[in-house]
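For reference, chains read A, B, C, D, E and F in written order, and residue numbers begin at 1 within each chain.
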Amino acid sequence: MGEKILTINPNSSQYITDALSEALEPLRMKGGPAIECVTLKEGPPGIETHLHKAVVVEPLCRLIRSRDNEAGAFVVACFGDPGLQAARDATRRPVLGMAESSFLAALAVGESFGIIATQPTSAKRHARYIRELGLEARYAGEVAVGIGILDLAKDKKETLSRMIAAGKRLRDEFGAASVITGCAGMAGFRAAVQEAIGIPVIEPTQAAVTLAIGAARVGYA
Amino acid sequence: MGEKILTINPNSSQYITDALSEALEPLRMKGGPAIECVTLKEGPPGIETHLHKAVVVEPLCRLIRSRDNEAGAFVVACFGDPGLQAARDATRRPVLGMAESSFLAALAVGESFGIIATQPTSAKRHARYIRELGLEARYAGEVAVGIGILDLAKDKKETLSRMIAAGKRLRDEFGAASVITGCAGMAGFRAAVQEAIGIPVIEPTQAAVTLAIGAARVGYA
Amino acid sequence: MGEKILTINPNSSQYITDALSEALEPLRMKGGPAIECVTLKEGPPGIETHLHKAVVVEPLCRLIRSRDNEAGAFVVACFGDPGLQAARDATRRPVLGMAESSFLAALAVGESFGIIATQPTSAKRHARYIRELGLEARYAGEVAVGIGILDLAKDKKETLSRMIAAGKRLRDEFGAASVITGCAGMAGFRAAVQEAIGIPVIEPTQAAVTLAIGAARVGYA
Amino acid sequence: MGEKILTINPNSSQYITDALSEALEPLRMKGGPAIECVTLKEGPPGIETHLHKAVVVEPLCRLIRSRDNEAGAFVVACFGDPGLQAARDATRRPVLGMAESSFLAALAVGESFGIIATQPTSAKRHARYIRELGLEARYAGEVAVGIGILDLAKDKKETLSRMIAAGKRLRDEFGAASVITGCAGMAGFRAAVQEAIGIPVIEPTQAAVTLAIGAARVGYA
Amino acid sequence: MGEKILTINPNSSQYITDALSEALEPLRMKGGPAIECVTLKEGPPGIETHLHKAVVVEPLCRLIRSRDNEAGAFVVACFGDPGLQAARDATRRPVLGMAESSFLAALAVGESFGIIATQPTSAKRHARYIRELGLEARYAGEVAVGIGILDLAKDKKETLSRMIAAGKRLRDEFGAASVITGCAGMAGFRAAVQEAIGIPVIEPTQAAVTLAIGAARVGYA
Amino acid sequence: MGEKILTINPNSSQYITDALSEALEPLRMKGGPAIECVTLKEGPPGIETHLHKAVVVEPLCRLIRSRDNEAGAFVVACFGDPGLQAARDATRRPVLGMAESSFLAALAVGESFGIIATQPTSAKRHARYIRELGLEARYAGEVAVGIGILDLAKDKKETLSRMIAAGKRLRDEFGAASVITGCAGMAGFRAAVQEAIGIPVIEPTQAAVTLAIGAARVGYA
């Protein structure tokens, strides 16, 4: 078994893959696992609907199977955790989901977590997923910035400003002890938001890769 | 802020600290955080009662405050998570609990987790803690090996054999998708139990240190 | 808006579509909605994995959109409820899922329900879906007959005998007040199992079409 | 067994029985079950207290037993579901409760449901009943119009206007995906409220009779 | 306001009222509230069905209103808590239910409680009531002795022996930390069962009167 | 076994012990158990942190063991229930916790309870404890008066006024049916707050001593 962490961005936007890779830099350690980020070229530019989530599953599983020998663990790097269960059927290596991992990371740093979302439409979907995972007792709520996934990088100052405002609302009105950036496209804003709001801000791909490092080094298989 | 992970064994048994340190070897990576294991000399030889859990809190907090400048994150390495909340009040660094972290690690590898305990008396205490954390929907159950913490290392063959039997019961009768070794003194048996039962076996200190590495490298503060 | 109930079997096995259509005969009433059953030709012969569930979503949504003008309500007739959320995004008509509807029908006839499954592997998936729906307080458990979906019709006597045995276990050991036949391929056995075990046996497509009739006649849109 | 659905209004207000019967018109299909609505003459004019709920139980059970041979299913048509359990002991036919059925119908059309109530005093009673049924994860909340059951028909324009306002609050402030009209006396307003608020509005007697049609035609007994 | 605790046995069996009164002897303190036990002569000999529970509500409320001036608190002394909510509407004095109080008393003495029932038919009813109260996380289960309420006093040796067996099963197989005697007619056996099984045995009328004493002396009104 | 109720104030502020003793006056009945209040001289002046809670456990257990022969039941009179589990290990007598008992008393008088706290920082701690006890379905919320435990007695008029305001918010905005005074130092204000807000106000030490009286008189051991 190789020890590489293969992080798959299931949408086809290379600039998001690049941003994720940059966000993962602190988790690249000389003697630790290699962390490679790849783009699923068959995916849509952004994954924003149930249909989008479904259509990436087959190419995602194909990619995982084709690189199974190289990797010690896989990460599905989209906050909807598309195809996570199917991916786990496709390999015996650990497969970490971005959203699931971010919830677990958040549980380790405080009583309840909030989510900064792109659009208000995802709130019910996330609440339902959190209930599916049995974690609803620790979920504080979600606030959207009202910027679509493909527009987050357009006016970065505006995006950051709205993310900070959302984080403050989650902290003050929803009582969140930590905040999750609920979209792969928000990875670059984590540190600045945390600096501004004073509570831990979890970037989900970092959370998933952290668990993947542990899984790959210890060897859960 | 330093980047060292300070792992504190709150009981005074040095050989358990040593076993933990050995179990953490795969998580020591060149270029990654140093992982130091220390023994709380004021602790009892093993922490087995509510009273034991309480008496270690003050010296534990004192130790954390005295070494706050060196560390990027702390781990409390006893499966009862003694003093975890008080420790979090004592420092702004992330403090990871061994039991809490093991539950989170288990949630990332399968639907439900079981616990291999030393004595049957801990089952209700653990169930209550899992409910306190809001994770009861994912908890399969607990099976004890009937060997006290200080005797686990006496007849290692017998200990391993009982741990494997407990793991199989958790897998087959309780439907556990993963199993947690519910005592710091069981750290050395993880790989052999996993090999025998064919589902992931989580060693809690490894789980806590994994999260600590992520927290220290990313910087939740 | 038409008043037809369009029942879509998302696997490509025409004989299952035929059996469903026969099971729906009692719900065809003069003066009531037409009930048409169609086979999704792009589907696999049986839907048994997460990957199977994903690959039918796109053709299912295409079929729904292409027949949106004719139908008053749609039914997705596979116990895994594949693509249910995506289908609801694809039309403003009500879309009923087979599993979801069967749980709701069961809640109306008794305190807790059990599921007769084909294979033991589905138990965790169903438990997780029931938790996603927030209905876990009323779920008694699942017993599998150990016959694959494509083999249920091979030796009908054996299938019936195993279904009756499973139903009795659910009633007596799990305390189920009603039992759901957890596979579209079991539709033809409902009455005989109910006769043998003396508690209501819910056939999920009938449950879904019942709700679809109400939705189409009343007009939730 | 007859196939008639016997719908019993347990309060003695004939005009409410008449309104229910009118609301059920879309569910009367030429080849489907007859739907008869009867008034429990021993009931109070409106059922608004725990005591009211208790005193109708005995005459309700007597009525059910006296007409047991004619009916394929019974519906108790009061939103408090008075005597529902006792009624189920009184006959082997399916007995549907109005509130219970409305919750189930609502679960099939969206993530969470709200209730439009007559008076604010019922909110805790309903919340408790929803918890008794194990459905609290899907309950959004309740808003009252502040008009007593016997006055709903007095100024219909005012009643409608307040029901629409309540529905909008449930949709916008409570996040309800559907709304239930929480009183038999509101049956006539369903369509107009739905038209105004744009999400499904569930009339509970329609929901109960829908399930009763399925139960009677399929034959759960 | 008087300070008497009026304990109402809502069934018409005077010998049960007498047994309750005897069980309450330890709670009669010279300077404390008088504890009077009365029989609801309109009740059936035993309350064993939903219909029985309903028919006692009106005479129970009448009795409470007629003696409202004398009492500081009321106790409804039947394990089904018949008419408890209606009784609370009938007076401003505290009204304690026997089952509800026994659950609360049990929560104060251990992690989870079991119930010794008369007949197996009550298990689902009790489970549902416990869920209505939101206490299901602490409920271990129920074991029946298979003796009807009116026969408990016939062969006392046999009754005691079966109660002890049930208590041991609850303790050993269900993990109960305490046991509730789930029928007013079992009051006389509490001490002997506790002696035999070594964990607290809660007699529900004693539990209710204890809370009533506090309510009457402190004055919650 | 003696019958005395030994009520231990685990902080070292004698004036709080005195106030508690005064609050317990109504529960001192001729012929009933003696109620003695003692101060844990080793405790801090007020218990406000996790560390405070831990350091009192050992002297608390020592005190309990030293007076085990005199007492029929013990009460730990601090709203954080410090050392409650350890205290239960230290004696076979019933040990009642102040917070736990107040929740149970509140459940007997209404659907949901609120807490009046001293400082806003305790809200998450209390919510977590309530979830640990499995009572979260009945918890309405918490409002703080913003006065530290040692300052509650300084300006009694101001304290009362803020407690009444908090009680009204809990009743009107959180829907609480009863209110708990969440600090031993608030004992003297119970009656005046209840008078002002018109719903039951629970003083936790009274609640604990009530249960202790029952336990001591009946004899759960």
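Please note the rule applied: a residue touches a chain if its C-beta (ideal position, glycine included) is under 8 Å from a C-beta of that chain, and two chains touch if they have at least 3 such contacts.
All of these numbers come straight from a predicted model, not from anything done at the bench.
A.B. asks: So if I look at the partners of chain E and the partners of chain F, which chains show up in both lists?
C.D. replies: Looking at chain F and chain E together, the chains touching each of them are B, D.
A.B. asks: Can you give the rotation angle that fits chain A onto its twin chain C by Cα atoms, in degrees and rounded to the nearest 5?
C.D. replies: That rotation is 180 degrees, given to the nearest 5.
A.B. asks: Is the contact between chain C and chain D built from the same residue numbers on each copy (over half shared) or from different ones (under half shared)?
C.D. replies: Chain C vs chain D: same; shared/all numbers exceeds half.
A.B. asks: Whole-Å distance, chain A centre to chain E centre, using C-alpha means?
C.D. replies: 53
A.B. asks: What's the distance between the Cα centroids of chain B and chain F, rounded to whole Å?
C.D. replies: Centre separation, chain B to chain F: 33 Å.
A.B. asks: What is the distance, in whole Å, between the centres of chain B and chain E, each centre taken as the mean of its C-alpha atoms?
C.D. replies: Distance between chain centres, rounded to whole Å: 44 Å.
A.B. asks: Residues touching two or more other chains, restricted to chain A: which are they?
C.D. replies: In chain A, 128, 131, 134, 136-137 touch at least two other chains.
A.B. asks: Kindly provide every pair of chains that touch.
C.D. replies: Result of the pairwise touch check is A-B, A-C, A-D, A-F, B-C, B-E, B-F, C-D, C-E, D-E, D-F, E-F.
A.B. asks: Quick check: in the complex, which residue numbers of chain E touch chain D?
C.D. replies: Within the complex, chain E contacts chain D at residues 49-51, 53-55, 57-58, 61, 83, 85-86, 89-90, 128-129, 131-132, 134.
A.B. asks: Applying the document's contact rule, which stretches of chain B touch chain E when the two form their complex?
C.D. replies: Result: residues 123-124, 127-128, 131, 136 of chain B touch chain E.
A.B. asks: In their shared complex, at which residues does chain F touch chain D?
C.D. replies: Against chain D, the touching part of chain F is residues 111-112, 137, 175, 177.
A.B. asks: With touch defined as at the start, can you tell me which chain C residues reach chain D in the complex?
C.D. replies: Against chain D, chain C makes touches at 26-27, 29-32, 94, 96, 100-101, 104-105, 107-109, 133-138, 178, 190-191, 194, 200-203, 206-207, 209-211, 213-215, 217-221.
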